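Chain IDs A, B, C, D and E follow the sequence of writing; residue 1 opens each chain.
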Amino acid sequence: MILTILILLPLLGAVVTALVPGALARLVGLGFSAATLVVGVVVATRYSLGGGMQLTETRTWIESLGVHYALGVDGLGLLMVLLTVVLVPIVLLAGWNESEAEGNNGARSFFAWTLALEAMSLAVFTATDVLLFYVVFEATLIPAYFLIGGFGRAGRGRAATKFLIYQLAGGLIMLASVIGLYVVSADAGNPSFLISDLAALDIDETTQRWLFVGFFIAFAIKAPMFPVHTWLADTTEKATTGTSVLLVCILDKIGTFGMLRFCLGLLPDASQWATPVVVVLALISIIYGALVAIGQDDVLRLIGLTSLSHFGFIVLGIFVFSPTGGTGAILYMVNHGIATALMFLVAGFLIHRTGTASIREMAGVEKSAPVLAGFFLVGGLAAAGLPGLSPFVSEMLVIVAAFDHHWLVGSVAVLAIVLAAFYALWMYQRTMTGPDRPGVAPVVDLDRREVGILAPLLLALVLFGFYPMPLLDVINPFVHDSLAAVGIGQEGGPQ
Amino acid sequence: MTQYIVLSAILFTIGCVGVLTRRNAIVVFMCVELMLNACNLAFVAFARQHGNLDGQITAFFVMVVAAAEVVIGLAIIMTIFRTRRSASVDDASLLKY
Amino acid sequence: MTEFVKPSIEYFELWPLLVVFGVACLGVVVEAFLPRTLRYPVQVVLALGGLALALVGVVLVAQDVQTYEDGAARGILAVGGTIAVDGPSLFIWGLVLALSIAGVLLFAERHLDGGVSAFAGQAAAVPGTDAETASIAANREHTEVYPLMVFAVFGMMLFPAANDLLTMFVGLEILSLPLYLLSGLARRRRLLSQEAALKYFLLGAFSSGFFLYGAALLYGFAGSMDFAAINEAVRNDVGSSSLLLIGTGLMSVGLLFKVGAVPFQAWTPDVYQGAPTPVTAFMAAGTKVAAFGAIMRLYYVALGADRWSWQPMLWIIAILSMFVGAALAITQSDIKRLLAYSSVAHTGFILTGVLGVQASGQLATGEISSVQAVLFYLATYGFATIGAFAVVGLVRDGGGETTAIDRWAGLGKESPVVAGVFAFFLLAMAGIPLTSGFVGKLAVFSVALAAGAWPVVVAAVLASIIAAFLYIRVIKVMYFDEPVGAGPSVAYPSVLTATTIAVGVAVTLVLGVLPGPVLDLAAVAGEFIR
Amino acid sequence: MELYTPVLALALLATGFAVFSVVVSAFTGPKRYNRAKLDSYECGIEPTPQPIGGGRIPVKYFITAMLFIIFDIEIIFLYPWAVHFDQMALFGLIEMVLFIGTVFVAYAYVWRRGGLDWD
Amino acid sequence: MKQLAPLAADLPAPGLDAFGQDPWWVILLKAVFIFLILVLLTLFNIWFERRVVARMQHRVGPNVHGPFGLLQSLADGVKLALKEDIIPKAADKVVFLLAPVIAVVPAFVTWAVIPLGPTVNFFGHQTPLQLTDMPVAVLFMLAIASIGIYGIVLGGWSSGSTYSLLGGLRSSAQMISYEVAMGLALVAVFLYAGSMSTSEIVAAQDRLWFGLILLPSFVIYVISMVGETNRAPFDLPEAEGELVGGFHTEYSSLKFALFFLAEYINLATVSAIATTLFLGGWAAPWGIENVWEGANSGYWPLLWFFGKVFIFIFMFVWLRGSLPRMRYDQFMALGWKVLIPVSLAWIVAVATIRVISIEGNIDRTYLVAAIAVLLVLTIGLMFVGEKKAEEAPVEDSEEPHDAFAGGFPVPPMPAGGPVRGGAAPLTFATGRTTVTASAEENHE
């Protein structure tokens, strides 16, 4: 029940926000997101560390198709839910003035769509019925589409369309696999979409591989991986930073989330069969993302590409099939969420001031706006995996796991760290340091609201950097279970 | 018996080709009628072959339908003909894009 | 001379049919005897009342029908086995009647074009002549459209219920002929609409010729018009198989033409574009429903034993339809043509469901059957289409409806509601979850996959991706493009059109979120009487 | 079939006669060329040129033709019914009354719409 | 034929199975006889008509060639044969030549199924006096007759002259219009005879002529047969005042003669059909067979048959002599608005009566239903009857607007046909001039 509330609350919020007059809209929207945050926390408190699906609720939805309205959270789901409920209010606050540009109407629809997106994402993270998952998975696209197309910089319409086409394509391919699962279960005599039922099936080799391909392509597009990542950079470039945060830090997680939930959970054999390819793709994404990022001139584009590299790490962690890797990957998902959000938001504020996203056109910000520069630096270092900031932990775990898997893989991954440090620092140097250029008005420093927005993220980075224990406690049982499903049973993650 | 079927097939083909090649709406339309009558021939022939009346009854109904088609077809062709003073199918070109 | 045996006529089960026919005739009488001023209201009321009455009849019959002899299907064979009143028939009857009620509402709409309906004041008058202007001045309109439409409805009900070749042919014609006329009656762009009528008529008559010859050959093969008898003949493999094969092919031509499947789709865009928008809406929805009912009955009942010979053909045609439809739709610049091509693509999807037929033994308990899937898809498609065309009728400029897509730019700002509704219908057609279209696709894909037609399903998925692009492009134009010139204006409809659109939205949403009841209904409809 | 052979005989006879007279008149008659004679006759005035394929036919005749088709079809149905009427007595009567009634509806419509008035 | 001989003795009317068994020479002879009969009949009819009309107009009519001028028609035929054979340059040659043939052949063929008499000894061979018969004989006749219309239309069309075209269209229009009424009139006959074979219909009338019990059908048939044959007062296609010669304006010489022939044969044909279907065919009028057994056997029936036929022919002539030509719209109105609905109602009535007579204990509800429907129909008629209130003016007002629909320009029709003779009684000084004069005048 609580989960249903968790989903319905922001949905309701979206509707209300869309209806109330513009002036009120932002407050109402913020209020609803805050309430959702509270509910999320409640969910977290209700959750017991034992692992497995908890707080489940199941109702028949479409009988003749064996579809259920089934919700539940396990460790992974919980973390994602928390990430979502935390980030959304921050995004709303960040977008407080930005959406002003569109007038109150713009602000209203921005808030409404965001809340809708939140609701859908929460549903995605808590769905335990494949079709329900698919439905909300696709449903997230509509608000995202209007967020991208409705707000941001010129040419966003094209970007939005590109985004939607990519996602829909992936989704439809996945639909084939979903139906495939259904048919398999029907042939087994009990047509159902419940993950629990489906996990019980033993699916023959070839079918499993086909289904896996379907799922994996969809998730690979979602969490951009090397061949199918091109929508990411365009989107982050055109959309407002708030939207980018929602996309990269929440929506894209659905990809990796799905890999864990479905590829490993339902199709273990096929997952192992596919491992070599996936790992290679992951490595390519890591290196490619980092390399391309270095050359970028547009800040937002750059950040977008860095997260391509990061997602490479996550996928790598997932597919090396070791407790360390799994744990690292999931931890990485959280940390990346926080760090990238920080980066985007700071960049957003910066652009809001300079009026341009082009690195070439800004310099010497740190003199006039030290605080901003500070946040920017931290964000960058976090992305680069500086020890003491949370991403470091997860990155280390993944790399260790990679070395266990194969020394070559590990070394390539390590190479990525160097590149990361390079692009992060070079970007900082190009934008913040140096003589401020003539004719460009000195940048105003962050005001109290903005600091207030960024502070919690910064805290989280530092906190989890030194004390990731609470996260690990939630993660490990899940990793253990899912690896057990794959057939790798050895105990425990790093303590 | 078969020669009747063959004949009907030939008639049908003629009508078919006529529809595809001729350009005057009325001629096309007559070709269609030819096709229908070929069908009638086939029906009656088969009816005789199988020794039951279904085919002949069908021929009756086909006649009715053909008549209805004639009426409606002529109506449509007349209107368009009066509008653009030509019954050529090619002249009806507004819908080619 | 054979002794005459009086056929029994099951008046109760045929009630809906008889009512519709009676209403149509009554409409003609009204035309003949009522003064001009009275006709419009009387006709509208008559048509609505009659169709509603028939709908009630369908419900009553549906509650009453018993299982047929062997128990596989429910229903009866009426009028000496020529009309099968079974589950699918009743479902389709209900659907057609509901759609046609919506159609009547659209026909009766008078607010959009300054107090006159969308139909020509005087079809016989040459455009631009005094007669034309006179008829416009006299504010005249063809109230014949209502009887004509009801006749078409009668055909749409007879066509899928026909249980022998002759009745099916007659139904086909009764359904087609009024539509030929209706599509030529547009008030604006007369020539366009007349040409549409001409093309529709010529091609339609052509295809029905094929249908008939195919019927003749099948009759020659089986020696009987009756579907059951043909099925027997096929099973026992009497007669020459070449007759059977050619006959099947030719009949398929006729039927596939009606649903506008590739390669018989040529007429679709022209007619959809040329015909008056209300007619297009009614035709697009109703014809497809009825024709697919007939297709299923022919293939499942008459040729069920011969599945292996027609399934491959359907595979190819389905794949072609989906791809050609989607691909050509992208190139269109006119919204009605675009919807037409998308309907071709949808034909492909529905065919995917049709070819997903399995012997009922192979179905797991609770697994969805192909009839069920197709019926459901038809329901979703019908309402989405009629709603979408209703919306198309709203967007206008000085010269009537603006169907050029680029003139739709900025509709999102001009009238968020209309744009939103249209976007919703488009998403439904694209098969986005939480709309009816998604569940429909899901259903047909799963039956096709279950029947082992995975290549078709894969093709279908790819085609839907192309189609998705198409619909999203329109949405993008409406919301994110800058309007050219004055931009479109939205005519505010009377309650009639408003109701239609509202119903369309409601059904599309409900079938998307809670498809359960309708799916169960389709399941209850069960199998054809074999 | 043999019921029809005599018809054939008579038909051949008649055809022979007709063709013969058409042909023979070409020889028996005199041949005096005169351009005016070959013009089509219009009471002496200059004949109005005819479009290729005959003059344009007034729509009225089309309408008459359509009506004729409808009623001819009705008759086609009436004949077998009449011949076998005694067998299906009452049933036949009712069915046919319905049928005629239906056609009559159309007939009344045409009449009211002036389809039967020859201007 | 042997086993049929005794059967033929007691019941002279042959059944269907009596046909299609003749040897080829019998068939041939019969065909030749019918052919000759028709040709002679035509020659006679022309003469007959001219004489009678002349009498009605206080003239003498042809009286020079042969006894009573009986050979006049023959002379005219020869004259026509010697006239120049003109093919207008505007004409479509092939069709122009084909049309007369198409017009004539059906006229002859129709007679194939007319029963002239009972089974007789035909050169030592027992065979019915009828070329052949078939289950659908009457339908056959109608079908063949309507082929003749093609001859007229094509003739008018191919002439390439406006007059001919319009004449042809008119005659075809009026033929098909009256064919409907005619066809409907026959339904009642089939209903009573239970067959469409002419011989069986004749046999069915041995007790009572259909002309009496089905009087309305009879009347309708007679009216429509006059229209069918384009005869006065319905001879609009040849309305000299408007259309010169009608469809055969451009025809000359024997081709014209063929059309003429066809017209007169049709005259005889419809009369023969009327005789067969309504006046008991070759059967002698009652009373006669009581006083004289042999009346219905042997070749005597020919007498009765042609007697009856001539009654009709005389009627035709009488009409022509006495009635003015109708206006075209009146004529069409008569056909479409009077004959058709009346015959429809009549059919229903006959059927009802028949049903009642078949099953005496008829349950009321059905009967009531039938009568109700009947009432509805007639009431509908009433309605239509008082129409033109608001409808006609509106509808008509549109017609003139569109360029093509308005029909051809119809000159105001002269009241009545061209006045024939009718002047002061003639003084028969030298018959020759008047004869030729009337001869000329009678070939319109």
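The rule we apply is simple: a residue touches a chain if its C-beta (ideal position, glycine included) is under 8 Å from a C-beta of that chain, and two chains touch if they have at least 3 such contacts.
Since the model is a prediction, treat every value here as computed from it, not as a measurement.
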Chains touching both chain A and chain B: C
Winner on C-beta contact pairs when A-C is weighed against B-D: A-C
Per Cα centroids, the chain farthest from chain A: E
Chain closest to the middle [Cα centroid of all protein chains]: C
Centre-to-centre distance between chain E and chain A (centres being mean Cα positions), rounded to whole Å: 95
Centre distance in Å when chain B and chain C are each reduced to the mean of their C-alpha atoms: 25
Chain B-chain E separation of Cα centroids, rounded to whole Å: 33
Inter-centroid spacing, chain D versus chain C (mean Cα positions, whole Å): 40
Where chain C touches two or more other chains, by residue: 33, 124, 126
Multi-chain contact sites of chain D, meaning residues that touch two or more partners: 59, 65, 72, 84, 108, 111-113
Parts of chain A lying in touch with chain C, wherever the complex brings them together: 60-66, 131, 134-139, 141-142, 145-146, 149-150, 156-157, 160-161, 164-165, 168-169, 172-173, 175-176, 179-180, 182-183, 186-187, 189-191
Chain B-touching residues of chain C, taken from the complex the two chains share: 2, 123-124, 126-127, 165-166, 169-170, 173, 177, 180-181, 184, 190-192, 194-199, 201-202, 205-206, 209-210, 212-213, 215-217, 219-220, 223-225, 269-270, 273-274, 332-334, 337
Sites on chain D touched by chain B in the complex: 59, 62, 65-66, 69-70, 72-73, 76-77
Of chain D, residues touching chain E in the complex: 2-7, 9-11, 13-15, 17-19, 21-22, 24-26, 28-32, 37-43, 47-48, 50, 54-61, 64-65, 67-68, 71-72, 75, 78-79, 82-86, 89-90, 92-94, 96-98, 100-101, 104, 107-108, 111-114, 116-119
Contact footprint of chain D on chain E as seen in their complex: 19-22, 27-28, 30-32, 34-35, 80-91, 97, 100-101, 104-105, 107-109, 111-113, 131-134, 139, 157, 159-165, 169, 173, 176-177, 179-180, 183-184, 186-188, 190-191, 194-196, 244, 249-250, 253-255, 257-258, 328-329, 332-333, 336-337, 340-341, 344, 347-348, 351-352, 354-355, 358-359, 362, 366, 369-370, 373-374, 376-377, 380, 383-384, 387, 391-392, 395-396, 399, 404-408, 410
